[in-house]
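Below is one structure, written out as structure tokens, with a few remarks after it.
Chains: A, B and C, in written order; residue numbering restarts at 1 for each.
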């Protein structure tokens, strides 16, 4: 058991190292997410009550999807995916290692985008409730996105296929996240958003389990 | 390697009626072969014969459409993780991460394979492939020949009992190629079983205990290495792949 | 096809035909006119069965996908794909009849109510399923990938429904299909559901059968080339 966690961490760490060294992925995606934030603010106005949650989640969703494209693309070079598949590890370990990486990436994205968003909309900057919503929702994105990224990387038109697969499936997360964000930004009590957090949590658990089970069918040849 | 002989479990690598189709395209048909422990099988064949596909199936990278692969007496479908611990593949691609140093690459694979005394082992293999001065350089900065040596270091890091090699000397300059050949010869010695594909009839024959010629997805010729000399092999090869 | 199967097919065809005729009669003549919205309400007898079939089709794709991954027999892939293709057609019909009905009856095209919205997301997932099949080059890969989507997408449907439902109860919509169904209306609805289900089965059997024949022809062709 400990060995399994160890190997998940090894994969995760390898991805972090390669990412930090290449610096290819995070900065352009960050810039893209910020642009989405700004453009949508122009599009929907900066009235905090109705438009704000949507604007934030559009930025995080599209930024997230753009980053997810890269999760398995890096393994295409030098046939590294084959190197990984030859390793004596359960396919699920590879999945979880990659999920950890995607999740961390999206959290990093959110860490930059969210304060800027809050400032643009003149909202309070310290919102632990928002942090919780974001963490849970991005976990769901990572669970689904990692699975589909592994699929899309082997098909034609991979950059456009990933969003087409990903977006319909995470609709419940987006709905729940937006609905939960509204009350939090308005400073309303916890009870307003608990039910939505439950939906997101249920989604996360269901999809982490389901993806763990089907992942091997996606990466085998 | 007749049918009856294959029933024996002295085979380290065994393919039983292996077939592979990609969609409706049949890449491999009824492949049956076996390699005894410690021996080296060399597979010859023209491009498109199915050599790489066969090697990938034998090394558990690809699932056969039909038939089974047995490594050291175990069906690869059953104890896949355990089996993978004891095998290794060297191909044209290095499986290395260009942005990581040689040391970090080896450390990664070492941890994935649960190699004991990793630091020590890394130093050993790097010395063996003569890449010590470049240990802390990013593998992307190494020349093609050095990258191939690094790939071999990665492949033998966990001391595999079975080594699969896919045309390992392709695209290298003569010097690097010679070094690779020496590395191969010493890797293939001892109790390690080796299965190799190559275009180079001479070099392949030097290393082989037994040979097989593949054409259009079928085994069209097989013989023990000693029974064939280089000149004959060229004729035989041309005859079967005409 | 052996004799038994042909007979079964014929019976199903006859049954389907009879049910359709009965359904048409009942929808246009037998069922009473609804008092609030009038004749337009009769779209309901088309909309509901078609919606039911679209979800049934996705369920069948779900099960066939699991069976394919477990057994790797192409016949399951043929069924999954055929069901998805028929399903996407039926879902499109749902998305067309829903708004037509809503516009004619209540003056608005779309209400974001839970069922219709879930159908919309279902439609998008179906499209993703079919797109993967067309973008993944080889047959076994497209079968595997789409099987995964068939499974993972189906799990999503109830979650989407719950989420949208919750969302919409906070913003109640104007559509309320109030009032119960009279006996005749219920009977009409049941017959329509039966008729469309049989139609679905026939379409999927035809389509899956065709796919398997195509695959067999391909196999023979490639054998011939050897």
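Odds and ends about this structure:
By definition in this document, a residue touches a chain if its C-beta (ideal position, glycine included) is under 8 Å from a C-beta of that chain, and two chains touch if they have at least 3 such contacts.
The model shown is predicted, which means the values in this text are computed figures rather than measured ones.
Set against the C-alpha centre of subunit C, every other chain centre is closer than that of B.
Nearest to the global CA centroid, when each chain is reduced to the mean of its CA atoms, is chain A. Remark: among chain pairs B-C and A-C, A-C carries the greater number of C-beta contacts.
Centroid to centroid, with C-alpha atoms defining each point, subunit A and subunit B lie 39 Å apart.
Remark: subunit B and subunit C have CA centroids separated by 50 Å (rounded to whole angstrom). Computed from the mean C-alpha positions, the centre of subunit A lies at a distance of 32 Å from the centre of subunit C. Residue numbers of subunit C whose C-beta contacts span two or more other chains: none are found. The multi-chain contact residues of subunit A, meaning those touching 2 or more other chains, are 220. Contact residues on subunit C toward subunit A in their complex (touch as defined above): 69, 121, 124-125, 127-128, 131-132, 135-137, 141, 144-145, 147-149, 151-153, 155-156, 159-160, 162-164, 166-167, 170. On the side of subunit B, the complex with subunit A involves touching residues 56, 59-63, 81-85, 87-89, 91, 93-100, 104, 108-109, 111-114, 138, 154.
Chain contact summary for the complex, subunit A toward subunit C: residues 144, 147, 151, 154-157, 161, 164-165, 167-169, 171-172, 175-176, 179, 195-196, 199, 202-203, 206-207, 210-211, 214, 217-218, 220.
Put simply, subunit A touches subunit B in their complex at residues 3, 6-7, 10-11, 14, 17-18, 21-22, 77-80, 82-90, 220-221. Taken together, the subunit B residues at the contact with subunit C in this complex read 21-26, 29, 65, 216.
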